[in-house]
């Protein structure tokens, strides 16, 4: 049935593989780090987490160097077009490694993890594993690679979510994450199989050209699209694929929640952008019945539903993590707005928004970690009176939340500004989307402000000491994140240029 | 290549009667008949006799000369024995368990080359298929144990499954080593590669000094995979009555037994094919004595492979009465901490050998 | 100069950050110093201001030299937007007639508010940091000429205000704070969309790039045809105007968006009420004059009548509500709504008199209302209540206080000789001279009547007559046989003490002086107002054609 | 098309034959055998004792662990099979790749080993203690 | 004979669709976590059948390769799922999805 390739062909394949490996160094390095961490855990059996966390910190930081090297290689397709290196991917590689580093910081500060009886052996390994998966997601241009990398992320995330296995809620969260994740990835893979059937290709750019050249049955394509969107939508946590996120965010250890809500979401968006822009044939304008407009319609529905649902339901939340979960659903909606615009500016805005989300959300979760360490609670009620007692933490939290609302002078404001700019730059077509975005962000103010409200305006029922001391490291990281949030809110050129620079897929400018 | 060799069976396979692939059915029936006969004679009777000799007793002597008709009597007994399905059993699983067990091991025979020109289906992934399909037994065992709704049966089934799946790892890696040496997964191809005028010297076992390692690993693992002593804790009669088939009587019991013997032969055949040349004659041509040529041919092929299989079955029986039964922890220790690492070692060594030395 | 005046408070805030929170006095003094320097700078700016330059738009040749003064223009942010060219956000400050008065007012009110904050005891450090932040934001709003910068300052005001009301406010502070926050944010987020839309519609003639510069936006020839707010896209221009108007009207606050104001005022501590009434409300009308109207003049022309009606409603509604209040502070708050209605009415007149009156009214209202709130604060400090019926006959026992109260009250109701009179007169002159809104003006004039009623009535109930039976203070005979007042829990001087006098006397002087000789203010603003009227009017001709 | 079956068609015939054989065996036995059930006969056989409780006993967690490890290893080995057939043509580079792959697998094994997931509970001889009066001991 | 010889693409697709439907049905209707996960496996296998069928009829090896990866990842997923479900059973004493709801909706 299938012929084995001839000797010359095999040699060609091997040559390709060899040359590709040189372009694959960050991933190889990270995988090596993954193994090294396992070995460190096995050999030293550290009682404390320091050895592991510092190893992973140094390791992750080291990977930045490898990613830096890739700037010179941008525009390469490797492994027979299954994998690409372009500025877009490199941007996300930085992003994921950075979020990995921040997660490690968060984990180092988190008592719920460090007080775990059986140690944190696999924890950092899995974090690194998740980073690898996400890094690969950003570069994948082949359905197989997309699937594999996505599952790598998911698997690590399932385990990380349930990492506090003595705690009921953590276990439950991991089950829910698993069940929803398994179902959506199953649907996605079925969608992939249909797409493969339509085109006979697994490379997404090939798929696009075959679809354009050969034409396709819109209904079949729509079904496949919805299924694929289920998988990606699950990753980004957009309505209606969001069911897992509140429970998982609440149950998971806080650093994991942060990682899930920022990095894993961003990975989903990276994939969505690449897939949507490359694989799906579309016109440049959002006109009905042009190819690809069905995707646009789907995305619009997703985005609007996410913004409204996330922001409205968040109003009733009592648990900080849960509140942030709904807020992250809402933010998925905002980010989708940028993708819907489908042009350079939109993508740039999307990337910028994700960067800003990285700072502010990690910051907010870090504060949640610090407070959970001190009070043992994640309930907003228990934040009462903390603002005065933990001045830095309280101020930082306020800044992060203001940024999440999207008020100046924070980076979150610039993110929203760019998203809306991208929408309005298209003329009046998308004004209604911008309006919904604006209105929902006003709603969001109310629930975000609940936290400062409790921290500053209300006094706790239990007597608290006058000042609450926090560790040096968490304070340092919080302060850094706060200053970055503010600094990039005022001087956002570097971030924005970075995002702009990254709007190149396959070495070509989009559009 | 294989098609020309398969001419005989090809001709048969193209025989259609009334639109049914009758020729194929005949081909398929041959292994079935073989299993039945071998199980009755060598399997049941032979095992009894061999164990009797080893223990210095006579074994069955009553029915027929030297008890030679004993198995026939057993069959008759089983056929007319009351079929008891206990009242709390899961009827469906209980009934289907033995069937799955048997079909699983029988399906493996589809790729077993009985000779240069007789093979059911010469799949290009035959070896892989064989070890894969044999794993279907696990399902049967579990169904049987679960369906019985009996503590001993369930426990036996669980133990059995754990054991089979555990030993599947070293077994699979050992087979992988064989596949690396051959560079193919086709069973027939394996045989052809080990063909040659110097007989046994062409066998992989003797072609490669490291091949002994996977050979031994696979042999040990195959013992465990067929729940043979000393790895027969799943049916340790002193603890678990009879393991997963405690509740079975009559024909179902017979089917289970048939399946067990079938898989015994299957693993023995696989080890002979992978390491010992399958249907190739082990005899070398020595000068004018063309022993190899003389003992090569379709019938000879069948003879050799059956003999090699029987030889390993003999060893299995021999071991049964020689070695004490392992405890569960020892069993797992052996599998995961001895066999698997060594299997990896073998894998690495063979890989290096095949590329750099040979 | 302008940068310094804007960022001085922030610098003070940073210094305070380094001061340990136990050193309350140092913290206060640092803030006061910053405010005083701000005042000095404001005076310097005032001195250096050339009232002959109009501002509002760039000069005819497109340069800024003939228009704005004290201009500071730096490239703040340059973004590469690919196909959309580069995004230029400028750090662009400058003053013209519209803003110069407001800058002075802000500096003045800041000093007063710092003094008034002296009594704050709770979390002093946090308070003054937020106060300084607020101060910067207010000042920034008035001098920013880049829409983006304006917006940043505009939003920056919300958060400190939220906390200042929320932490240091009265019993119902949470509700008031979040209500304030939500209302004003609701107004301003739409401004964001309009701002972005404007960016894509306007070209800076000097560079040919899109720009956020308000100055460029104020010239209609800079709008790109075919863009979202281009000349021919009438619907979007109307929508933008309405959205902006609502955004600013919430701040004013204009009926029906006013409901946050009484709550906020009642709950806010005195200095914050002063700032709120004295400066923040002005931002709404300032925004209209600076941004809303000049950018969409033809829409403004079309909606004059509506604006006037809303102004009248504000005047009357505020007055009626004030009439019904028993809480002195709430009364002042509603009077504030009423007085901001005059500003709206003056704007709707769309002529030099009306506009001048409106701007002058903004300034006067700033000083007068600040006085009113301070005075309410004085009595609240002593009596811990603001219920009108809990007082009575205070004039006999606190003569100085009563005297200043009388000045403030009369200024508020527009008694000739006090500053309020002149601005109200100007507003009405303007309104009557406009054919369109003449009848609206006549109806609004009733507001003066009601204003007199509620102000005089409250004055009478609180200060005249004798102590009421259920009053919150006792009377003692002192050695001379005169009645001396005694408040529970009040250790300080019964009548005004030095600090309070320091706050109130300058304001009183200003109110009286500007009532007699308004030219220092009017002189500064007339050129700009004329220019504004000019910018707003020619379009109406084309629109009528 | 031609009349021959594909290779897997042959396998299918084997499958059919196997099923037919089993069903045939069952049917033959049914014809021959007696059927006289009684409650005793239908009870579960547990060494002659009355069966107590359900067969749903708690299994040692190790069984599941073994299953988990097996799945991973087995699936990984599956990947090596296609490679094994062609690795001689592919040469050293592919060898290194496969060794890395196997190395990761081995690290996995080591991991499970060190973490104690491969240790089956050893039967501890249950030596009855002398009834010494020791409250602490009894407290356990 | 036709049955054996004329199996075309559609046969595979129908089988796959049936499997997919069954899987989806199990996921939607069943409360038992294990059964739901088995439903997922059905879907994955349905996708595999699709991939292999398309691979055979479209030509090219991508589908085969893809299905290999799907199988592997399905196995890995099963392993993780089993571990999590065991943990759930230890914590909650049930694997019924509807009764595991300590986290409020």
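Just so it is clear, A, B, C, D and E label the chains in written order, and each chain counts residues from 1 on its own.
Here, contacts are C-beta pairs under 8 Å (C-beta built on N, C-alpha and C of every residue); 3 or more make two chains touch, one makes a residue touch a chain.
Note that the structure is predicted; figures quoted are calculated from it, not measured.
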Chain grouping by contact, computed as though chain A were missing: B, D, E | C
Each chain counted as touching chain A and chain E at once: D
Chains in simultaneous contact with chain B and chain E: D
Most central chain, Cα average position: A
A-C compared against D-E, more contacting pairs: A-C
Centroid-based (C-alpha) most distant chain relative to chain C: B
Centroid distance [mean C-alpha coordinates] between chain E and chain C, Å: 66
Rounded Å distance, chain D centre to chain E centre (Cα mean): 21
Rounded Å distance between chain B and chain D, as computed from the means of their C-alpha atoms: 17
Inter-centroid spacing, chain D versus chain A (mean Cα positions, whole Å): 39
Junction residues of chain B - those touching two or more other chains: 16, 21
Residue list for chain A, restricted to those that touch at least two other chains: none
For the chain A and chain D complex, residues of the former touching the latter: 4, 7, 10, 14, 17-18, 35, 38-39, 42, 121
In the complex with chain A, residue positions of chain D that touch it: 86, 89-91, 93-94, 97, 104, 107, 110-111, 114-115
Partner chain E, residues of chain D touching it in the complex: 1, 3, 5, 9, 61, 64, 67-68, 71-72, 74-76, 78-79
Interfacial residue positions of chain A with respect to chain E in the complex: 1-2, 143-144, 147-148, 151, 155, 158-159, 162, 165, 168-169, 171-176, 178-179, 182-183, 185-187, 189-190, 192-194, 196-197, 200-202, 246-247, 250-251
Interfacial residue positions of chain D with respect to chain B in the complex: 3-5, 7-11, 13-15, 17-19, 21-23, 25-26, 28-30, 32-37, 39, 41-47, 51, 54-55, 57, 59, 62-63, 66-67, 69-70, 73-74, 77, 80-81, 84-88, 91-92, 95, 98-99, 102, 105-106, 109, 112-113, 118-123
